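Shared between the two complexes below is subunit A, which pairs with subunit B and subunit C, respectively.
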Partner chain A sequence: MSSSVRILVADDNSVDRLYLSSILRKEGYQVLQAVDGRDAVEQFEEHRPEIVLLDVIMPVMDGMEAARLIKEISGEFFVPVIFLTSLTGKDDLVKCLEAGGDDFLSKPYSPVILRAKLNVLQRFRQMQVTMLEQRDQIALHNRDLIRDQEAASGIFNCVAPSGALERDNIRHLISPLAAFNGDVLLAERSLSGSLHILLGDFIGHGLTAAVGTIPLAEVFLSMTHKGHLLRDIVVECNSKLNSIFPTGYFCCVNMIEMNMLKGTIEIWAGGIPDAYITSENGEVRRIESQHVPLGILGPKSFDPSTQVFEVSVGDRLIMFTDGVLEARDAEGNDFGAARVEEILSGDGDIGDHFDELTRQIHEQIGGREGDDDITLIEIEMVADKEMEPVAEYQGAGSSEARDWRMTYELGTSSLKSFHPLPLIHQIIMEGQDLQGHGSLLYTVLAELYNNALEHGVLNMPSSKKVGEGGFAKYYEDYQKALEELEEGFVRFECESSERDGEVEMTIRVIDSGAGFDYHNVCFDKQQANGQYHGRGLGLVNQLCSSMTFKGNGNEIEVVLRTSIGSS
Partner chain B sequence: MSHRIDIEALSELREIMEDDFGMLLDQYISVSHELIDEMDEDLQRDDREALSRNAHSLKGSSMNLGAKALAQRCGVLEEQAKETCSADSLEALIRSIAEEYEGTVVDLEALRNPG
Partner chain C sequence: MSCQNGGVRDANSQGATTLKVIFPDNVDVPMAIHSTVSNNCLKIVIEGQFDLHSHKEFLASYSDVDFNPQTYVVDMRGANYLDSSALGMLLLLRDHAGGDDSKVEIVNCNPDVRKILSIASFEQLFQIH
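Here is the complex of A and B:
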């Protein structure tokens, strides 16, 4: 028997005390003695013995009151209390147990029974000590875990300010299993004016899953800020995850570009539940994932091709992670895709579908924590003019390069595979004090380039845009034409000069196309009335100091003027 | 042989206590005497609660020592003291306990040494 275990013996009769103490000392216990209940409580407070033996009937304070106080003092620590009694009535014994006694020992004492009882209580006590140790250890680990998650969450919030989702046309539900989980939901306006949305679900839960959200968000947001195409962002996100994470670590995503001007939704979906586009006329379009999740395939076998859908103002895109489909009710039934579709195709205002969906999900999981993170988002297609201005993200300081010229020509294969605008935009922005005009510059470049490529090099008539199938058809034809292109180029000639406190930027875009008769084209500045077709160059005309066609119509020159330090 | 003492219980006690057995007997004899004196005082003050408690205390230690006859009389007093018994009958009970105590002491002394 462990010699360090201390037992408090409280009995007003010194004979019984002596007797019991002798037995206990021979058993190897350290014995403390008290002469009445109050003495017992005081000694307990001072010495904290592991086990307490209390006579029931004692002067000053009886054993039951002493037991109650001792249990109160010992709190969560289990201190066994054995009542010493020559009482025999059933009621008296019950009272002993009710007062907090764990057992009783009747007079005359039997050393054999006492030993057996103490052994049992010792085992209990040991078990409780172990339990408390383990509990404390778990609490400690949990604290560490939460601290780590908070730190990671802090980093994530620096990368991706949570305010990005606070837009009038976005509603979302994020119910994390932990402070910072493996789901990621981002919305950011591209330099091109489109709205980019990322919904991701990393494999696993907790910090392991969450750690990947940081590089993913970083790549997604910085490329969006620079005006990269969705497909280029997808490629970069994939190769980032593929290169930094171990095999078997991946992220299911929906990556979206919502173009308010064209009225299109472009989507790259990998390994994620179907998304839906609902329209006010009751139509529900289902968008299936066509790819494996991000991070699995190397750059060579990765397929960045996207799907494009034509949408109208008021249409809604609804997408979610698999936590929604797998949300279980008390009986273990999944929420399921059929139920989602039933809600989305239900009668009534489509504006109510999101609320109904979240209501039913909450009803499904009740008060229980779900098995998986649940992330759900609805984005409403709105008119471009209802969007806030594109936020400008400046590089770290700018050089003062104001007198320079460059020629940048894209040959056939570059035209097919490379989107040059972010690069050219960055070069021009470097030297110019164009703060606040970054997105304007991007718009100009994009319109000039698209015009040169689509109508010049690929010779696509713009009237096709409004033809049968609209933009989706146009997009398809465009892809096909680009693929089949045998020879062509688009050349940028940029020239920057400083004069009278102004920076004058001349941008010429020349294409290999046949050109057109521009003499009869009138670019009325009032023409850009919200219709996209025919708006392209009209918009450019509005933004620039001058715009002129040259050659046989395959060359456009625009001039932008900004005063130095104007912002 | 003693009708007052459970011989078997006492020899078990001797075994357990080893060298402390003598000390335990001395302690019992003196503490019990004190308790009986206290009972007298309790009765004079008409403190029934203390009387009952002291009887209970002597009952417990007597049980442990195997002094079963004395323990039994103490048990009676413990209960009677709680009732509305007359002081005279309680007085008589205390006297019988004192008598029994004297006999018990004699018997215990006789059994102090094994053999």
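Here is the complex of A and C:
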């Protein structure tokens, strides 16, 4: 069947028709015959021959009209139509082609020319069939690809709900190309109260780029939920990617901790374009990447050190992936960093810079899709009270461990290298009816620990916080003092007991410092509303049922009470 | 993307001809990478755009040599552009050359190339001159 190509021959002159048919049969074609134009159209509809030969002048319906109808019926399939004609005038021949004919054959017929022309048209027809097949194949692949991407996007959205970016103080732009080409943008409130943000750009495009986003998001979000320090999260993200990625794959990131209470932005930047902090007074601070991207270095040579910047309410942090710098206009010019800086340092309200930046980027790429993934984010520094409550990490907690005690003491080297709060927090939360009070507990632990370490063990005066350089300087001094620490400890003594339908949790934090004369200290509940500086313990006093100093002032005891089943 | 002709023609028994179109399995972009050897040093010279399309050639430039160089030099004099996949390829070379114990120099970078290398802090991994 496939070896026999069918040809329809339409000619009202039976002598010509039979002669032509016999030539074609000898060539191996299967021949259908029609006596006029309408007959030709009807036979075409019924038998769908691959090639059609039409006499121009026929009764009932002429060849030109028949050609038009046949072309209409055959739609996207290419059916070659050859006009048979004794006409020789140029105009007539042109008319034949204009009516939809693909070629013409002059009477009397030359078998040699006929054969050659049919071969050419056959070749075209075959090519068109192949193209249609491949087009359909591509359409099918494309459909599968889109379905896969939708599924993957669904998985990613479970790991990292995109709603986390919908905050009053965050504006962002993610190009459609970016979502599954390895750009990743996450924001989550830490148990510690800070806002953590991750902007990442995996090497390459497509699947290889997208595949790393899920483990990265999972590590980042779960550690943020548990209240880990930024540097610990960075270390963990790096080892995760380093262990799963083959050599040559990596992820450029900005990882941010925005501390609303202290008014600081802490950044770990690896391999990503410069970020900027803009202030209402027109100041623009540029933050350069200092590190090799994530996933390249093993745990031993990885450097998790961060940069800390002091910021005020209203300041904005702007960062983006290299797709912004490489956004090209029609002439192939890059958007470039100079243009970004020009916009950010421009006149007018800094609140308008983000819109102006996105407007100019869109203008740059026009209607065309960018060469790269464009991801851009602006985060405004707000007062802590503007933030929504911290999302609660739900512990496994169906156990009922309510009577227990523990002592956990950190020695000198642990103090230098380990952040114990997530661990202690988790121990206390497991088995307690504290669900719903997790962030309160974390705040209490954090304030007690920071107080013990900074003012007790390291003997740093809290007045230093308001001194020159503010928190950034304080942070630097703190790092230095910790590095130089020769001997010290912080001990947690926790005791849980159950009585009268309440769980009573006693937490004592004792440090190796000299203590202080606490007898005249009075914590007014009002004090917690003041400046952050020195208000830490005031806050604890407000949150707990009781707070007492003991010993030399190097020991603080707090009691938390919750009714059993209260949550 | 520019597609090169991957067409193959063959004639069938009937005198009519079928045209079989196949998808191109690689797309060649003009790019030249060649390597030279001297004094236990393999020098790889990059010309043009250094990106994903250079992968095969770059890999061949150091894996198709039948001796173990002590040092590697990547000469960027002719490279006008490099992207993140090029950074990945440099890391592969570093791994091939012995990872943390490798001696890989990157020389003659133009300012754009130098900027991309320094954003990624590659001076911590390579000797860049």
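Everything below uses one rule, namely that the second predicted complex is superposed on the first by the 559 of 567 C-alpha atoms of A that agree within 3 Å, B and C clash if a C-alpha of one lies under 4 Å from a C-alpha of the other, contacts with A are read in each partner's own complex, and residues count from 1 in each chain.
Rule of thumb we're sticking to: a contact is a pair of C-beta atoms (placed from the backbone, for glycine too) under 8 Å apart; a residue touches a chain by one contact, two chains touch by 3 or more.
Just so we're clear, the structure is a prediction, and the values are computed from it rather than from any experiment.
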| item | value |
| --- | --- |
| Clash-or-fit label for the pair subunit B, subunit C on subunit A | fit |
| Subunit B versus subunit C as contact partner of A:K226, first or second or both or neither | neither |
| Touched partner set for A:S289, first subunit B, second subunit C, both or neither | second |
| Which partner, subunit B or subunit C, touches more subunit A residues | C |
| Vertex subunit A; arms to subunit B and subunit C (CA centroids, nearest 10 degrees) | 70 |
| Partner chain in contact with A:K26 - subunit B first, subunit C second, else both or neither | first |
| Partner chain(s) touched by A:K71 [first = subunit B, second = subunit C, both, neither] | neither |
| First (subunit B), second (subunit C), both or neither touched by A:N119 | second |
| After superposition on chain A, the shortest CA separation from subunit B to subunit C (Å) | 17 |
| Residues on subunit A lying within both footprints (that of subunit B and that of subunit C) | none |
| Of subunit C, residues touching subunit A in the complex | 12-21, 23, 52, 84-85, 87-89, 91-92, 95, 100, 119-122, 124-125 |
| Residue ranges of subunit B touching subunit A (in the complex, touch as defined) | 9, 13, 16-17, 20, 23-24, 27-28, 31-32, 35, 50, 53, 56-61, 63-66, 71 |
| Subunit C-facing residues of subunit A, complex | 3, 5, 27-28, 115, 118-119, 122-123, 126-127, 130-131, 134, 201, 203-204, 247-250, 252, 270-273, 289-293, 296, 301, 322 |
| Touching residues (chain side subunit A, partner subunit B) in the complex | 11-16, 18-19, 22-23, 26, 55, 57-59, 84, 86, 107-109, 111 |
